[in-house]
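Going by the order they are written in, the chains are A, B and C; count residues from 1 in each one.
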């Protein structure tokens, strides 16, 4: 079976309640990510006719703040379908106070893998056959999927790296949690959206404790999920401040999942958050400067600077390809 | 086995937290409905000695606003028990600031069907044998149950109507959601209360986007649930503004449920919300007038006006029979 | 296998959101208890390599208020491990506004029993072998465990007492709830933390309705859980005001669990909350004096006064042994 990209578009609405907001009345980045992942998962479930798990996501840049009382519309669509994995495009629009003009808040690409009851990949029943207008979007997605293949092939190796992240870091936090049934989706796997929400909350706390001001999520780097997190397992979350820019700090978040009965530990994911220090109006304010104090901190600062440049390039790329999204018709109410 | 009506009364308490409230500090109608359905389900579970699903509910009129800090007491009781379905009376009282005198907030009748593990109806172990004082209440409930029989018999036919509601409507909204395990009750069926909560939220958003003011729930029309919504399925929710009164708008909400693996779609329910435009004190303010702009809008406006008159009549009926409820002893703390 | 106490320490972080707070912006005692139980359960799951249930908890004294915007770190550790039950030490620290100096908020001991899939006790795979520094902590825990043995042996007898608590009390409240899958842990047993949260909410409401002021949780007495509460069952919660001090009231909370299909009812737990009347700054204010009006009230008042003295003694004991906790290294960030 074949489908065009535009035939796969799904649309989900969410309303920003006071409990979704931070100290200055803005929507938490973590909540928005949870919404985006759940809307993209819905799109993947409908297209693949069954359960899906989040395998990777591309950078998320938070371009416009969202406030209590706004409505968020998340559109998701399949740009490319391989054997069992899908490249899902996702865009979130905010309607200020429900009645205002929609503003693009963030876009991303997420990769979902179709799985059977046992959690093993299953073949997709449908392929994407782009219309002429969709061809460029399709070929970009195909290229991303190819690049990702090597990363996904490394999953097993990556999942074995259960070393502590930055043990010599001065600015770090740790937290452990039990994954309960209500954190999990149908197949008993922890929802990727809930995990990102939790990491974002902790990254925010570490940034605040460093900056001594409110800090909000500026972006999340592209992330691969190396190992599924099952309900009933324990997760150990490690947060490390890797470096600081003028008004932002990069926080690395590494997640180790532990099967309590066997004691086996696996590296589930590592991701990088950019947190921005802001005043009570939401305007960026300077972060205290960061001087590396040991070898590890120096090494991590260098790596952080490289990621920062790559991130800036990708942000420009995303903006260049933005008009392509118009093709699949989002932006309409 | 036999039981009087008053022997079936259950009582559940809820506390209105800031996150249960809307922009003007009032309890969301959707939250209150969720509480009422969960309290009535408890009553049905106890009486039927097993799992129940919500099959229908009568009009809900929100008579008094409820605020953050109030306590809500929901009483529920079985008025009539047929082969496998129960007519459950339910009344919600608000105690302002916990310490104030209770005020009746809303009453309704809900129909629950006792089901087995497979979701098929199972016979009730007990019948209602009213005491003398309860006879009138019982015979009214019996009549309602009879009327409902023909509606319930139509369930299958109704469930096949998966057409789009008002495709030519200018004021409409659509949203899709995955039904997660935490939306479901024991038997894996989506909780009727959670569904009503979601619909209410979206009906409010459509009313606000039309009125450009805060809008609160005035009433919900009697609703039949044609098809159960299972966890893991997708729901497509369509909201359409059908017409406008002086300070209220009627919003139709149609829910289609889709089994992702088979792709089979069913009409789960259609219901009508009356949303009232209010100022920051909660006082009704005029809605912008509505002029139908096409044939469909004209047709829906006429149907809306007929429903509105019927609704007004039922509101008067409800107030007339209100004293009957005193029989089963609610109103006491 | 053997482990020292300090090798068992786990650490979990929580962030106080507006929806976790009461009318004066303070963290609800019930939410804090839910966090503490979930952190202690995690520690028990990791140590026992499987599912655990809460069997008992010692007094919880709320020593310092926690506010919206604070971070709470909960540390938990195994002090003694018997055949299948563990004495878990647990301490909650609040970091004001995330950046402030940590303050000890509350400590407690909880007993968790390792259970298999059927909910029956299973042997622990590891024993505690204290280091020299930990010896006093260990021997105190061992003594507590011994004392508790007789209480735990009484579980069955206690669970049969389904009588109404204080039927002649003038100040009482009742509420019934269905235990949904999202209230339960992996094994389908209601989370002890969720139960304590619910009881705290209702105890607060009864205290407020008596005092006609805001009331906050001062302490919770040591509690035994006589019977597990399974998902799908009904709980009947009875709250009774037993007596009043200068600015606090004691509220007894008795929980009966009912299996809806068999109708069998069991006494799940009884616990005592001390609720403190406060002004808008959180400062204690006088409670209206309480004069017993019947025999039952007189009897309960006497029992309450005895518990109060014992509670005061235990509070002093806890403060005396506090330095021991330093041994296991909490207090560090």
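Here, contacts are C-beta pairs under 8 Å (C-beta built on N, C-alpha and C of every residue); 3 or more make two chains touch, one makes a residue touch a chain.
Treat the numbers as computed from the prediction; the structure is a model and nothing was measured.
Fitting chain A to chain B on Cα positions gives a rotation angle of 120°, stated in steps of 5.
Both chain B and chain C derive from one sequence, and where they touch, under half of the residue numbers involved are common to the two copies.
The distance from the centre of chain B to the centre of chain C, each centre being the mean of the chain's C-alpha atoms, comes to 36 Å.
Shared interface positions of chain A, i.e. residues touching 2 or more other chains, are given as 18-19, 181-182. Taken in their complex, chain B has these residues touching chain A: 18-19, 21, 23, 173-178, 180-182, 201-202, 205, 208-209, 212, 231-232, 234, 258, 260-263.
Contact residues of chain B toward chain C in the complex are 10-13, 15, 17-19, 38-39, 41-42, 45-46, 48-51, 69, 71, 95, 97-99, 181-182, 184-186, 333.
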